[in-house]
Structure formats: C-alpha cells, structure tokens
Amino acid sequence: MIGEAVAFYVLAAITLASGVVVATSPNLMHSAIALVPTLLGVTGIYILLNAEFVAGIQVLIYAGGITVLILFVIMLTEGGTGLRVRQRNEQVAIAAAVSAAVAALFIALAGRTPWAQGAGTLPSYTPGAIGQNFLGPNLLLFEGTSVVLLVTLVGAILIARKEAGE
Amino acid sequence: MITLTHYLVLSALLFALGLYAALSRRNAVAMLMGIELMLNAANINLVAFNKYAAPGAIQGQIFALIVITLAACEAAVGLALILAAYRRFETTYVDDLNLMKW
Amino acid sequence: MPWYVEALRAVVGTIVIFSAVAVVAAMFGVLLERKVSGWIQSRIGPTHVGPRGLLQTLADTIKLLQKEHVVPGNADPAIFASAVVIVPLAALLDYVVVPFGTTRWGPLVFRDLNIGVLYFAATSSLIVVGILMAGWGSNNKYALLGGLRSAAQMVSYEIPIGLVLITVALLAGSLSTVTIVTVQSHLWFIASQPVSFLIFLAAATAEVNRAPFDLVEAESELVAGYFSEYTGMRFALFQLGEYGEMFAMAALAVTLFLGGWHGPVLPSVVWFLIKLYALIFVFMWVRWTFPRFRIDQLLNFSWKFLIPLALLNLVVTAFFVMVVRR
Amino acid sequence: MLLDWAYVAIFAIVGAGMVSLPFAIIALLSPRSSYPHKRETYESGMQPIGQAWAQFNVRYYLFSLVFVVFEVEVIYLYPWAVVARSLGPSAFYSIVIFLVILTLGLVYAWRKGALEWA
C-alpha cells in the first residue's frame, strides 16, 4: 500500500511538472517534447488503476503517434522561428484565473461528493475483457470507430493536400 | 492509502493546466497540446471511476479507449487544418488568423 | 516474498540484462558485423587486437570512453543531451518481455507481462521520438534530415509489425510472449505463418534502419544520419540503441515464429541463442546483398505491399481460426 | 499484476542509471579543450549557412497522418485477437467489416496520392 502511494505521488509529480512545461514553455519544441513525460506519467497512473491495456494504447497512440505528428507539424510550420516570437496572448491573466477557478471547483466537488463504492472486482485480464465487450454488447461502437477513422483519414488528407498543387 | 479523490484531484490539476495552455497560448499547435492534456485528464477520471465506482464493468476503460481514438482523430484533423492555414496565411498564431475568408 | 527481496531481484535482473545486451548485442554484434562483412567481401576483418581480433570492439569502447564529448554551439543542449538516453533505454526496455529460455522453476524472462507483445510495440515506438529529438537537437542539416526520414520510415513500418503481432496473438490466443512460445511446443508458427514471418523480417529490418533500408544514415549522402553530431560515448550509446533494437527484433522473431527456446537435446537458452544468431546473420547477409532503396520505394514497399499483404494474411488466418477450425 | 509493473519501473529506473553511467566515466577520463571551431556544426567542412531549423515538406506530415489513423485501427484488433478463439463465426464477419472499412481508407489514401513521395 505504501508502494502504491509512493508510485502515485511520483507519477503525479512527473505528470504535473512536465505538464507545466507543456503549458508554459516559450520554446514550442520543448513543449512538444515535454508532452512525452506527461503522457508516460498518465500511463503509469493507468497502470496503478489496473488498466494495463489502456496504458499500452496510451504509449502506442499518444507517445508514439500523436507526439510524432505534433513534432512534425512544428518542424513543418515553425522551424526555429518560434523562439523569436511571443508565445502568450493578452489574456494570460484571465486564463490563469479561469483555470485556477476550474481546478478549485473540481477539487472541491471531488472532495465533497460521497462517491459510491461499486461492488464487484475488476477483470484480471483486461485485453480479454475489452475484446469480449467490443465483439459483444459494444459491437456498434467497435464498427462505428472504424467509420470515424475512415472519415478522419479522408478529411485530413483532403485538408492537408488541398492546395499542394498551388 | 490512495483513494478515488486523489486521482480526481490529479485530473483536475492536469485539466486546469491544459485549459490554461489552450486559453493563453498564441500558437495553434500549443493550444492543441493543451487540449490533449485536458483529454488525458478526462481519461484519468474515466479509468479511476472504473476502478473505484464500477469495478464489475469495464466500461470506463472502453470509454478511455474511445477518447484516445477520438483524440488521435482530433489531432490528425486539427493539425491538418493548421497546416492548411499555414500554407494560406504563413502563420500558425491564432490572433493573426482573424480573417474568416481571404 | 518480502518487498526488498523482490526489489533486489528486479535490480539484479536489470543489471544482468543490460550488461548482457551491451556485451552480447552491442560489442559482440559490432565485431560480428565486421567479421561477416569481411567474410562476404573476401576480406579478413579486424585481426589485430586480441586473438583473431576478438577484442577489437572492447578496445574501441575504451577509446570512445576517453573522448571528450562536444556539444555543438548551435544545438539545443537539453534536447541534445536527453535524446542520447532515450534511444538506448527505449531499445533495452523491449527485453523485459523476451523469454530467453526455460528452467525447472519456470520460463527465464524478466517479467511475463499480460500485454507482452503490445508492450514491445509500445516501447519500440518511443524510439521514434528519441530519434526526432536527436535530429532536431543537433541543429545540423544532415542530422535533421536523417531524423525526419527515419521517423517517416519507422512509423510506416510499425503498422505491418503491428498486424503481424496481431496475427500471431490470434493463433496463440494471448498477448503474453511466454504463452506464445509455449503453444509452439509442437509446431513453430513459421510453419503455419511463413508469410507473416517474411513480412516481419522485412519490416523489422526497416524498423531498425538497416540496409537495404538504411537511407536514414546513408553514409554517402547524410554522413551518419541523426547522430552525425554525437561524439565519443554518446555515439556509442546510439550504437547500443541500434544494435540493442536489432537484437530485440530478432529475439522477438525467434519468440513469435521460431518456437523461442524449444529444441531437442541442447539446453533451452542455447537453442534460443542459436536461433537468435542465425537471424542476426540473415540481417547482416541481407545488408551486403541488396542495394539501398530510394525513399519513395521504401515507403511504397511498406504501404502498398507489406500492409495489404499483412491485412490479407490476417483475414485468412482469422478465417481459419474462427470459422474453419471450430 | 502491479508487481509486474513494479519490476518494469525498476528496470526503467536502473536502466536509465546504467545508460547514464558512461557520462560519469567520461567526466573522469576525457580531456577538455575548447576553441571556436570545435563547437561549430559539422557540415562536411563547409561553413554552415543559417540554422538547420528550417521548414520541411508536408509529405512527412501526410505519412505520419496515415500512420496514426492506421495505428488506432490496429490497436482495436489486439483485444479481438486474444478472444477470437472463443467467439463464433459471426464475430469473424464483424471483424471483416471492420477490416474492409480500414482497407477503404488505405485505398482512398492510395488513390489520392497521399502515399506518393513526390
């Protein structure tokens, strides 16, 4: 149990510390790279919550996929020019106030609500349980995802390529 | 002893960081990174509720999977839009992108 | 077991695996590469240091340890320095799930994870980020071009590898590497899945950026690719990452298709190593047999050949597993 | 299960330490000298002009875009693969539908030239 607490606090510290870099670094490239430890910290949190399959997906899709996408786009658009440009807009103060208010609200809610303790135990083998679910009750979700992905692919290619000839 | 509340607090803080990034950044890519942080915060909640509030079901984890999928779609389309805007206006800073039509 | 015994086991296991990979994969691998290259080209290869040149890489390592490391003035120091830890670490993390053999007390594996092959895919996908960081952090035109090419190539070949992993998981009914080896006790999957094996071998060669898919570090155009600016021990660490990943991919191929530790008479670990080195030899043989691809051919080969083929293979396998065999 | 991942965490931490170990040795052994040309970017002996941090071609983005979409499709197959044996032929048809839609995306990307390096 102590081990779990230590792991939680270490992971939370990693997640939040690199999250601060993502949110505030004046160097876009540093922001994007700090996204990796943030996502890995969240991966650790998933593992603590017994969701190992989701954790694997998180690394594969987020850290190995979306981050690469973001790094590519920064390299394609910014190059090194971002360092000389102001990165924050005029509403920093308002943004900070709103974010702090939202965080305070959420924390207050989380602390005050008497959360129900559910019955039952988690499935010990999550990939199997998820597979049973996807091909059973959630089949439509499963097939629907493939349609969403198809539309994404078509749309994104259309947008990104549209003016390639110009 | 780590309880559900711990995870919810962590998620609230991560969400606030993401919100701050999305609101205060000028660069569209950085705003998108803020949105990714918020989605991750939501995912922590989903998986935590799955463990503590409804351990008999696996729905929370499935929701988290769907959120990750949609995050990937959002990033792909969003970044494609940013690239298209960059090609047109030569900038990715949203306050310079204030014309709806050229 | 009390927690400190577990922790001690984990630490000792880690140190053993890291040292073994550094010595067997990186140092001996480099020597083997030079010897095999020499043999294929009718040369002798290194002969001077030690008996028959066996200590050549050891000498090289000691030499590299004494070199000053130079950080280019234009580089981004934080990114430049962290990339060199990420690449070898991500490559070595793969070895957590590789089953090296079996003993009386159970399989010889650092940890048999439930999501074994998914874990392998996830950790090796982190290498792409490390390579992009190295390319960008160096602020060198060759390095950045090499890094970008490498990232485009590695992400393209991750899909066929993923599809092959799924095909094997389908046959074994599990993602755990130990289970995958156990179910091959009678018939190796290479017999039922020859197409998957070939797809995996081709994609793995590309994934570790080796010839004929080595245009990432095409010496004639890009100096050394993404690690052009890295000197001394940092260069050696990238080599460790590269050879570590190559051996990890070969070990995964042995696990998935060649029955892992299974084999008659000899001890299981010996069988594993024989199969591993046979595959490594194939990698080196291929290097000196095929000319380098152009980048468009390289990407076409993955997207227009390997991926459709892997998909077709997956459907056929699924048909046999789910419809015919029931 | 958590024990498994505790092992992985120790592997990562100790491993990071071992990978960084050579730097300690370098700090002890390696010579240090400095002159302006040493810290110059290597460009085969030419004077580097400008930074390397320039903008790059959009085709890199297109490939990684198609990659991310396919990677997401692929991860949905993992949970299916582990339970496929226990499911009947009807599950086979649902997975075929899934794969057909995936293939449509590939065909689209192919036809639109997103997979051309040109």
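By letter and in written order, the chains are A, B, C and D; residue numbering begins at 1 in each of them.
Everything below uses one rule, namely that contacts are C-beta pairs under 8 Å (C-beta built on N, C-alpha and C of every residue); 3 or more make two chains touch, one makes a residue touch a chain.
Just so it is clear, the structure is predicted and the values come from calculations on it, not from any experiment.
Novice: Give the chains in contact with both chain C and chain D, ordered by label.
Specialist: Both-contact set = A.
Novice: Which chain's centre, taken as the mean of its Cα atoms, is farthest from the centre of chain C?
Specialist: Centre of mass proxy via C-alpha means gives B as farthest from chain C.
Novice: When I count C-beta pairs in contact, which pair ends up with more: A-C or A-B?
Specialist: When the contacts at A-C and A-B are counted, A-B has more.
Novice: From the mean C-alpha coordinate of chain A to that of chain C, what's the distance rounded to whole Å?
Specialist: Roughly 28 Å separates the two chain centres.
Novice: Cα centroid separation between chain A and chain B, in whole Å?
Specialist: Those two chain centres are 6 Å apart.
Novice: For chain B and chain D, what's the span in angstrom between their mean Cα positions?
Specialist: Computed from C-alpha means, the inter-chain centre distance equals 21 Å.
Novice: So how far apart, in whole Å, are chain B and chain C when each is placed at the average of its C-alpha atoms?
Specialist: Result: the chain centres lie 33 Å from each other.
Novice: Hunt down the residues of chain D that sit against at least two other chains at once, touch-wise.
Specialist: Where chain D meets two or more other chains at a single residue, that happens at 1, 5-6, 51, 53, 56, 58, 60-61, 64-69, 71-72, 75-76, 78, 81-84, 87, 91, 95, 102, 109.
Novice: Residues of chain B touching 2+ other chains?
Specialist: Answer for chain B, listing residues that touch two or more other chains: 65, 68-69, 72-73, 75-76, 79-80, 83, 87.
Novice: Going through chain A residue by residue, note those that touch at least 2 other chains and give them in order.
Specialist: As it turns out, chain A has residues touching two or more other chains at 3-4, 48, 50, 52-53, 57, 60-61, 64-66, 68-69, 72-73, 75-78, 80, 126-127, 130, 134, 145, 149, 152-153, 156-157, 160.
Novice: Examine which chains touch each other and state the graph shape they make (line, ring, star, complete, other).
Specialist: other
Novice: Taking the touch rule as given, give the residues of chain B at its contact with chain A in the complex, in rising order.
Specialist: By the definition above, chain B touches chain A via 1-2, 4-21, 23-27, 29-30, 32-34, 36-37, 40, 43-44, 47-48, 50-59, 61-62, 64-66, 68-73, 75-77, 79-84, 86-88, 92-93, 95.
Novice: If we count contacts the way the header does, which residues on chain C are in touch with chain A in the complex?
Specialist: Within the complex, chain C contacts chain A at residues 3, 76, 78-79, 82, 113-115, 118-119, 121-123, 125-126, 128-129, 132-133, 136, 139, 144, 148, 151, 155, 158, 175.
Novice: Within the complex, which stretch of chain C touches chain D?
Specialist: 6-7, 10-11, 13-15, 17-18, 65-75, 85, 88-89, 92-93, 96, 110-114, 118, 136, 138-144, 148, 151-152, 155-156, 158-159, 162-163, 166-167, 169-170, 173-175, 223, 228-229, 232-233, 236-237, 240, 295-296, 299-300, 303-304, 307-308, 311, 314-315, 318-319, 321-323, 326
Novice: Of all residues in chain D, which touch chain C in the complex?
Specialist: Touching chain C from chain D are residues 1, 3-8, 10-12, 14-16, 18-20, 22-23, 25-26, 29-33, 38-44, 48, 51-53, 56, 60, 63-64, 66-67, 70-71, 74-75, 77-78, 81-85, 87-89, 91-92, 95-96, 99, 102-103, 106, 109-110, 115-118.
Novice: In their shared complex, at which residues does chain A touch chain C?
Specialist: For this pair, the touching residues of chain A are 3, 29-30, 33, 36, 52-53, 56-57, 59-60, 63-65, 67-68, 71-72, 75, 80, 125-127.
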